[in-house]
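You will see two complexes here that share chain A, one where it goes with chain B and one where it goes with chain C.
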Partner chain A sequence: MQAKEIKHLRKPLMVGKLSDESFITLFMLGILAIVFAIASAIVPNFYTVQNMLNLVTNNWFVIILGIGVTFVLITGNYDMSVGGNIALTGVLSVYFCQGANVSQNTLANGLGLPYLVAVGLALLCAMGVGAVNAFFIAKLKVPSIIVTLGTMMLARGAAQVITQGAQRNTSLPDAFGVLGSLGIPDTSIRISVLVMITLIIVAYIFEKKTVFARRIYLIGANREAARLSGINVGKYLTALYILSGLLAGITGILLASEFKAGVSSRAMGYEFDALVIALLGGVSITGGFGSVLGMFVGAIILSVVTSAATGMLLSPDWQFTLKASVTFIAILAQRFALDKRKA
Partner chain B sequence: MKPTENVLEIRDLVKDFPGVRAVNNVSFDIKRNTIHCLVGENGAGKSTLIKILTGAYARTSGQILLNGEEYNSHSTRDAKQKGISTLFQELNVVDQLTVEENLTLGMEDTTLGFLRHTDKINRMVSVMNDIESSIKPKQLVSSLSVAKKQIVEIAKAVAAESNIIIMDEPTAAISESEIARLFTIIKSLRDNNVTVIYISHRLDEIFELGDYVTVMRDGKHIETKPVSEIKDRSELIKMMIGKTVFEQYTPREEECLDTILQVKQLSNHRLSNISFDIHAGEIAGFYGLVGAGKTELARAIYGVDDYEGEIIFKGEKLKPSPDKAIAAGIALVPEERRSQGLFTILTIRGNVPVMNMRKISRNGFINDARERNVTLEYVEKLKIATSSIEKEAGKLSGGNQQKVVLSKCLFADADLLMLDEPTRGIDVGAKSEIYSLIRKLSREGKTIIIFSSELPEVMNICDSIYLLYDGSLRATLRNDCDCDSEKILHIVTGGE
Partner chain C sequence: MTTVKTESLRMQLDRSANVRSIIKQFYIFVVLVLIVLTFSVMKLDQGGIFDRGQFLSPDSIINLLRSAVPILTLSGAFTLLMISGHIDLSVGSAMSLSAVVYAWMVLNGYSFLPAFVVTLILGCGLGFINGYLVTKLRITPVIATLVTLSAFKGLALLIVPDGLSAIKGSAGIVMPDWINFYARREVFLGLPWAFWVAVFVIILLTILQRRTILGKYAAAIGGNRLAAELSGINAVKMVWLLYIIVGFFAALAGLARASYMSLGDPLSGDGMEMDAIIAVLLGGTAFSGGEGSVAKTVVGALIVICVTIGLMTVIPAYWQTVAKGTVLITAVVLNHLLVQDKINA
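Let's look at the complex of A and B:
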């Protein structure tokens, strides 16, 4: 009887009010539905299965980047180096497996390593960029925006040196193009999309269930309190920057394979797209709040707007303006809704 | 116009929040040029009432008359212009600016938006220097101690020439000698036609300072009467909580003999050559004025700040890092609750288990049910007043926030619990709950070290008392009959 009473007393304390993160994700889903409805109404051929599928599959690269960027953002830090890192990793993966001494043209000569070794080394370099970020941010306490803007340019600069400011695309083994071209026949679903979906699922479970992820939120919510609660903040930041570097590396490898080329100007501005979709998805720019699922919804919103703008045959300048306006309004609406809910 | 007898008349004031009536039909008058104290436990509605007066909250219903006229304020700035200044509990100074820039912040004299150096600054600086002469106007506020930052704020309100100044716990973080100085100033304010509304949990201050006192409880007005008509502390406490609380130190029956913590020749930028032993199971108290080095000592032991010397815990040398300290069995309840202890934007559930995640997880994966149960257990054990464990921790009252921080440290399952100012800014009821919790932990075999600038606190619960002055350990006392407060105050103010 008594146990029953306690249970009864406990109940009101446990009423599972929707968490703020879930609320924002649902709110942004609502916005997505509205944007999608408008686009379907005014853009011809928008409301088709193929197009809806494309909305997801055409954006696999920003979504993969968005995972790392989201977690880094939740700690209250930025990672602006991911775009440059993609270019560098892509170029390196090409350089490593181009045949050695096969041509007069320096851009056709590489190291001649087997493809898998080349990929492994390129990924190590991508994580190396993350480790450099981590060293300056976690160890030397330099603000992350400064560090990662620096490594963004350094990584792209290195890619430009290796490609002499252009690209490398000759004397590649056949294996090089496989990853980027295989997929489910007759659909736009390629390996890269499957990788994205897998990563999203893993990231979701990681975020909701693991101690590691919980500590990421603690660091973002109050770094000093996290440290005094025994969390080795530097260790966690280091791991996350290396993870974000690895995700950029995977993206770089897949993109290079898809185009069978290592292009030094690849992924220009992707770091901003990844940041924007995270913010659209409700991740707080000051840290401690946000979710991978929200980021995913944010990516689809951006994708709908981009695709609609293209479908409306707007000029690229107006496409850009439309994207900017919708993004801005959506983020404002979301912050407003969250404030209302908290008040 | 002849000034009204009452500077402020509050009539049937009500403020509703979703689910709670924070201020419930409150009516009372505040007489002109008096020091009017406002007391009540946390959550009694004092802060809400003050926020309505300053314009931070809109009232739900009721009326406020200022100088006999309807008063309505939309912002603290608006209130200030109407003559009501407030010193909030949370410091309101800008660290990156100099003292004089802080003093004139929001009231700068300008021409076309450019700052003009007028004698307003000099006037304010002289007001400030009347209170504390050691603060330099060109000094950065970030270089000041908490106590001095507060003095800058007090000076700012004094200089604004308000006819009502509200002070929310102004003495919570300043030292005894500075308190005495402040009281002199508050009294001279009253003699110079200023009404002071004074909020404090330190009841002795009410008797020392107050002309009138208003007691609130659960959002309701209980009583307003001249302080001279109140017999003693316990009468006041009875009105505040409806029951009598009386606590006194009872000497421990058995001696604690095993040394658990040895500090040898500890020195750093703020501490000089401190050595002592703490025995397992005892409650030790470090007492000293603000700036004596209490917090610095706690932080050094916990491994937050660098030091020279040796700290030996359970026979092993401690490595200087909080995660190592926690692993060894030490937990710290830090001085600054909101900036160092609490994750304000996370829920109670997000706060309680963070220092011992291993206990609620397996292989790095969190067990949700265990996490909820642990949180519920502490909410019940420490009587944290909340509607849900999913409530944002930052939205709780001060006392309940402190209980969340305490839960966090208790869940760490440490053998040595260090508490830095464990009851700062929390009400009498929560205070005595925390004291009995500390005693209970001690009976269970935990070792407790309290760092406090409140002597009654140290004398109430500690078995041994360590006196700090200017970064060095001046005396160690057993808490028994020959331990008198005059002698202690003599030592901690620098006497031999």
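Let's look at the complex of A and C:
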């Protein structure tokens, strides 16, 4: 009896065995292959190089968001403010950049700052939203779901106030559109995609190789144990929420630059998509488990499913039901697979 | 000497605890009164306090109460669910779906009673699904109901034919004009059936919470689920039942909304979950469950509606989101300061 228990305890420590996280990532990779095969079989023109490339490049914004959301989710918290944060940062970057006193129209007047300064300030504001989240969650210990839903409303609301409920897109310097439009010619790869790939690689190394990241897992697995073993949980949560805010800010600036406009309704529902891809990639709802690579696989699965639905000429109204069903099946499938493995 | 000291210290502590509990008991009423006062004196230069166009004019009050119908109908049941330590983020979508189904049935020639009953049964079904996901499949409530939020919303959008934004009368079919009798025709004191049904619902749920085991069990499960289960409460069944009740009242709220607007808008319930959460938190229900009061949620709901309607008269619509976000954060902080502390102590 006791020997069995000890053996059971030792199991995860055994060398050379796949960790549960890699297992789930591989499992979801398998599912991705199946979904992709089915989609290729039934949707015309799905199995082409251009389409496969698009599956990755068209989703750069959700994937960038997903990195922050994944880490926050691993600690057992939510960040629902990212969508609002994107809208706010985009609008702010436009507002800071617009020429001062150039027109009668209030929506055409901004602060007239140089582009780089504008971007820097907008990113600071994005991190500020993250810091506000962190203050309520880490210091006041209010449930994260409710706080981040509140800051989502505040951020989107602020974007609506600045744009008076519409958008700002006039009197912008030429430099504003460069970041979003520059890329490798004749492909769908733009700077934003390269940023996404870089961030994924950095996040992967960060997750596997740094003490900081491993402690995040400990916090998610058992917050009390983490605290008792000398980890300053509040500091870690603060850092992660600010990181998530920063990533949302980067996304917001790139999107604003791509469209050369700050739109207050931009990124509606992205917080849900980011959560969905993290869950699809095997991040545990209760914390302490998950990986950035898994999230990436999850993003591609969602992208295959939604673009297959579009390819089959289903109405856009299908996307909500479709996303819900896919997430639901994924949660159950992962739990089933993990239970089988442990048994 | 020391005993005297500790004695006086304890008395001081008791007194501060007393003050705190009194504040906790009554602050929400003060907040409501302050908000109403603020909005009613805001445009005084344009007329007397009860004149037409003012916040406290009879027309305005009736309008306010009519707009409050969905949240009043819904938030009582939502309180019970939150007392049990669970949450349902899908109520807004459930409302929209019910509104769409009700409008569709009315448009296609069903009479009031079948449409009414089918919509309510549908609501119970939606709650049943949520309850199943949370209690049987043990998916965290936030995630489970976020997923169903998306699913219900998707269904509502799918029922509405392509090219239309809502279920409404068109060239081919005319929406029967009796659809808005339920939420618009005055039956008593200038208020429609829907409002009096909401009042009845609140009274019923207050009694349910205070006088029946449903309320006691919900609090027990929210306070300490394990202890509740060990003392023989079937938590799975209780929570499931609460989700069904919430679904039922979400459908009733959606029906009132559809009747009020005379159409089935698949987005009409969007954001309702936030309003409900704000109302419940303002009402002093602990977010982690264990304690709370249906009656006080009603005051919270009235605050939400007063702020929404009152702000519309003084500032542009695009301030609405910021205002609501601020109210939510304030509610969270107040709730935290006044409720959570007591639990920790």
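Basically, the second predicted complex is superposed on the first by the 325 of 343 C-alpha atoms of A that agree within 3 Å, B and C clash if a C-alpha of one lies under 4 Å from a C-alpha of the other, contacts with A are read in each partner's own complex, and residues count from 1 in each chain.
In this text, contacts are C-beta pairs under 8 Å (C-beta built on N, C-alpha and C of every residue); 3 or more make two chains touch, one makes a residue touch a chain.
Since we're looking at a predicted model, the values are computed, not measured.
Upon superposition of the two complexes on chain A, a steric clash is found between chain B and chain C. Among chain B and chain C, the chain that touches a larger number of residues in chain A is C.
Of the two partner chains placed by the overlay, only chain B lies in contact with A:222; chain C stays clear of it. When the two structures are aligned on the shared chain, A:151 is found in touch with chain C, with no touch to chain B. By the touch criterion defined above, A:19 lies against chain B but remains apart from chain C after alignment on the C-alpha atoms of chain A. Contacts of A:212 after superposition: chain B is touched, whereas chain C is not reached. Of the two partner chains placed by the overlay, only chain C lies in contact with A:143; chain B stays clear of it. Using the contact criterion defined above for the overlaid structures, shared-chain residue A:44 touches neither chain B nor chain C, since it reaches no partner. Of 56-64, 74-82 or 92-100, the segment of chain B running into chain C after the two structures are fitted on chain A is 92-100.
Chain A residues in contact with chain B (one complex) as well as with chain C (other complex) do not exist. On the chain A side of its complex with chain C, the touching residues are 78, 136, 140-143, 145-147, 149-154, 156-158, 160-161, 163-165, 264, 272, 275, 279, 285-286, 315, 317-325, 327-328, 331-332.
If you check the complex, the residues on chain B that touch chain A are 302, 304, 321-323, 325-327, 332, 334, 339-347, 350, 354-355, 357-358, 361, 364-366, 372, 376, 379, 386-390, 392, 408, 412.
By the touch rule above, chain C contacts chain A in their complex via residues 87, 133, 137, 139-140, 142-143, 146-148, 150-151, 153-155, 157-158, 160, 162, 274, 277, 281, 287-288, 316-326, 328-329, 332-333, 336, 340. The residues of chain A lying in touch with chain B in their complex are 10, 12-17, 19, 209-212, 214-215, 217-218, 221-222, 224-232, 288-289, 342.
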